[in-house]
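Both of the next two complexes hold chain A, though its partner changes from chain B to chain C.
Now for the complex of A and B:
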């Protein structure tokens, strides 16, 4: 195993970088889309149950199936990977953002409007900052999930550590099969832990001291 | 802004006029506010009272257009506000709600500086204003400026809420049960502070309350409403207490209306007694000698700023070498603008049958109001038939 890692050191690092890059970019995209959707949905009360249903049902779609559906449309490579990872990452963020935004007391919003804040000011300076800790929790859940989904996305020849796992699986019984699978899996776990720690830090620095738990 | 001229002082109140204002919520058969017409003179405080659900909050929120009137006109200084941009309008109307309504993720300074910020004041001016307002509501800026709302007591949050409402020096201030969420002693303090602030600023204040005593104490005018925001009576507290328009009003002001006259009288209207005083840090032996020479058994302790700190019997003081520093909150201190009923409350917890009286914005010690002075005064009131007119109502008989 040590020999295995030694021989492929540069490749492993490069793939880890690719994997993280895919996850982080998809996560950013997912967050922007999900928060925007949540703002839309919470402004129109009738849409809220729809959003909750979508995020619940969406998570039950097997990622392989989604990938299979996407491949004929967008072809193989990075694009389907980003789409699939973003899709799954968006769901927990959407759900938490809806909950977080709904959790902002109506009386507080009214008090802010009563001071003369415009609708946009209330959104940026009151609703989003107050919902932020809940949204960040959603982002952390998404990040963990995205790490796993990104591994599966490697099936579509997307970048990252997932390729190692697939190589391992296709070569079962071969000389390095176990090493491939193990290094791929452990690598993803380590990356996931690092990313989570970074997100915890980010959450601390971006949440007002006045509402920090 | 401290100087008040004979005419309206700078940044003072504006006349507020409601003309046949109606609010009908969708799906309701009867309007919540059914043709309310009302004029509030500039610089006066009008208190809205009435049973729950009679339309007080609805009427109030139509003034800053958090609720849009179904019909009617609302005029501030003669200008109809119903056509103005609502967001801009609200920046020129102070709004204070129960509990303060502070934004929990913003510091005290950010909360107070909210409206000045929206109005585009520069940072230095906003900062100066925040300090000034914190001082005004009795919070030390150095201590409280950077705190978050959750790090404040309920009373302190409410103070910040009042400061925020005053921040941009609006001519009209709306308050919805501002002191409804704090304990009675804090409430009384906050009322006293609001009165001294209002004495200086002369804003036009519309304040909703559930508490008729608060209305009598704070209001230049009281508006008593019934269902549908129909006016039952509108007038000065003295008028309403002396001559309730009908049984509804009489019931509403309650059977204790003779005692309620106590809410009209200020501590400063009565003579204060001047017991012996001493300073923190003085030698106890000396103080005891002096007080005993004057034939008294207790002494008022003042700090270096001339604020009362404690009212002690000599025997308790004798345990110390020098007069110690007392830092606990005193419940037996009232402002000279407090009402006699507040003073009676304070006396109940005093072991001396009297409450210490302070005046001015820094709470300087003035003297002591004694229980005997108050009861004596009530007795003379009762014999002066001219002062309290008999009122033919069920409630009156009961007292």
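Now for the complex of A and C:
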């Protein structure tokens, strides 16, 4: 095992980098889309149940099935991986952003308007900062899920540590099969834990001072 | 039917919409697929693989894997979670929760492949791997649910002369049930999705169609598999929601 890691250290690091890069970029994309959608949805009250239903139903669609549905449309490679990972990452963020934005007290929004803030200023300086801790919780849930989904995306020749798991599977009976699968799985767990810790820190530093616990 | 309607009274519009919408959506997609299958121009391999008999068989395999794993998970995780919230063992629950949360970071495909490499391919391994994967959400929700029971209610029950067993069975478990059931429903849906990977370790299921479709580069097979896995997951989600409605104790709003 140690020999195995030693011999492939550079490759393992490179794949870990690819894996995290895929997850983090998809997570960023997903957060921007989800928060924008949530802002849209909470300003039009009728759409809120629709958004919640979409995120509930979306999460039930198995990732392997979505990957299968996307392959004929976008082909093999990085693009389906990014789309699938972003899709799953967007749903928890969407749900939490809706909850967070709805949780902002109406009296606070009114007093902000009363101070002469425009609608956009209220959104940027009052509603989003107050909803941010809830949104960050959603991002943490998404990050953990995205790590696992990215492993599956490797089956469609996407980058990352998932390829190690599938290499282990195809080399069954071979000397290194177990090592490959073990390094792939443990690597993803370690990356997920590191990313989660980083997100906790990020959440602490980006939460507005007034509502920091 | 009337009982069902009376039970939906307290639900939000979103939940009601899902209860009616899910089966309609599933039936519509299914009907669309049948029309496609009857009219599409398929080559011989596709026509041989995508048959009603074949798909029924794979769905049945898939359902078996999911049902056996979920029975195992519920049968073990709920009692263990309950045990961990008893006064004598309560101090164990924070570390167990920490491990459960960290363990959820493990990718299911990794767990499945690792177990298959260690103990061999097949149905049993798939069930074991999926159970390990779905175990943590149910355990975590059981502990959360039991902890959320108002201690004043427990004390009141004790004051009425109930034994600790009676308190557990007639007060604590019923009150924690909604949270536990949410965990069970989440796990069931996760299991359907994860069951699609069973094909990688020769345990069958609907994932076989997806994998075959990718390997042989035949999109009709691949997409049919994906559609059926997704429909199965949506149906399971719906059944879970119905169960949740019926199991919720009447006294809880």
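Observations on the structure shown:
Throughout what follows, the second predicted complex is superposed on the first by the 213 of 213 C-alpha atoms of A that agree within 3 Å, B and C clash if a C-alpha of one lies under 4 Å from a C-alpha of the other, contacts with A are read in each partner's own complex, and residues count from 1 in each chain.
Definition applied: a residue touches a chain if its C-beta (ideal position, glycine included) is under 8 Å from a C-beta of that chain, and two chains touch if they have at least 3 such contacts.
Quantities reported herein were computed from a predicted structural model and do not represent experimental measurements.
In the superposed model, A:57 lies in contact with chain C only, and not with chain B.
Looking at the shared chain after the overlay, A:148 reaches chain C, while chain B stays out of its contact range. In the superposition on chain A, A:177 makes contact with chain C only, while chain B stays out of contact range.
In the superposed model, A:43 makes contact with neither chain B nor chain C.
In the superposed model, C is the one of chain B and chain C that contacts more residues of chain A. Shared-chain residue A:115: touches chain B; no touch with chain C. When the two complexes are overlaid on their common chain A, residue A:168 makes contact with chain C while staying clear of chain B.
Applying the stated contact rule after C-alpha superposition, one finds that A:206 touches neither chain B nor chain C.
In the superposed model, A:107 makes contact with chain B only, not with chain C. Shared interface residues of chain A, touching chain B in one complex and chain C in the other, do not exist. Only residues 61, 64, 66, 87-92, 95, 97, 101, 103-107, 114-115, 118, 148-150, 164 of chain B touch chain A when the two sit together in their complex. Taken in their complex, chain A has these residues touching chain B: 107-108, 110-118, 121, 126, 129-130, 208-211. Within the complex formed with chain A, the residues of chain C that make contact are 12-14, 17-18, 21-22, 102, 104-111, 113-114, 116-118, 121, 189, 192-194, 196-197, 200-201, 207, 210, 213-214, 219, 222-223, 225-227, 229-230, 233-234, 236-237.
The residues of chain A lying in touch with chain C in their complex are 48-49, 52-53, 56-57, 59-69, 71-72, 144, 147-148, 151-152, 155-156, 162, 165-166, 168-169, 172, 177-178, 181-182, 184-185, 188-189, 192-193, 196.
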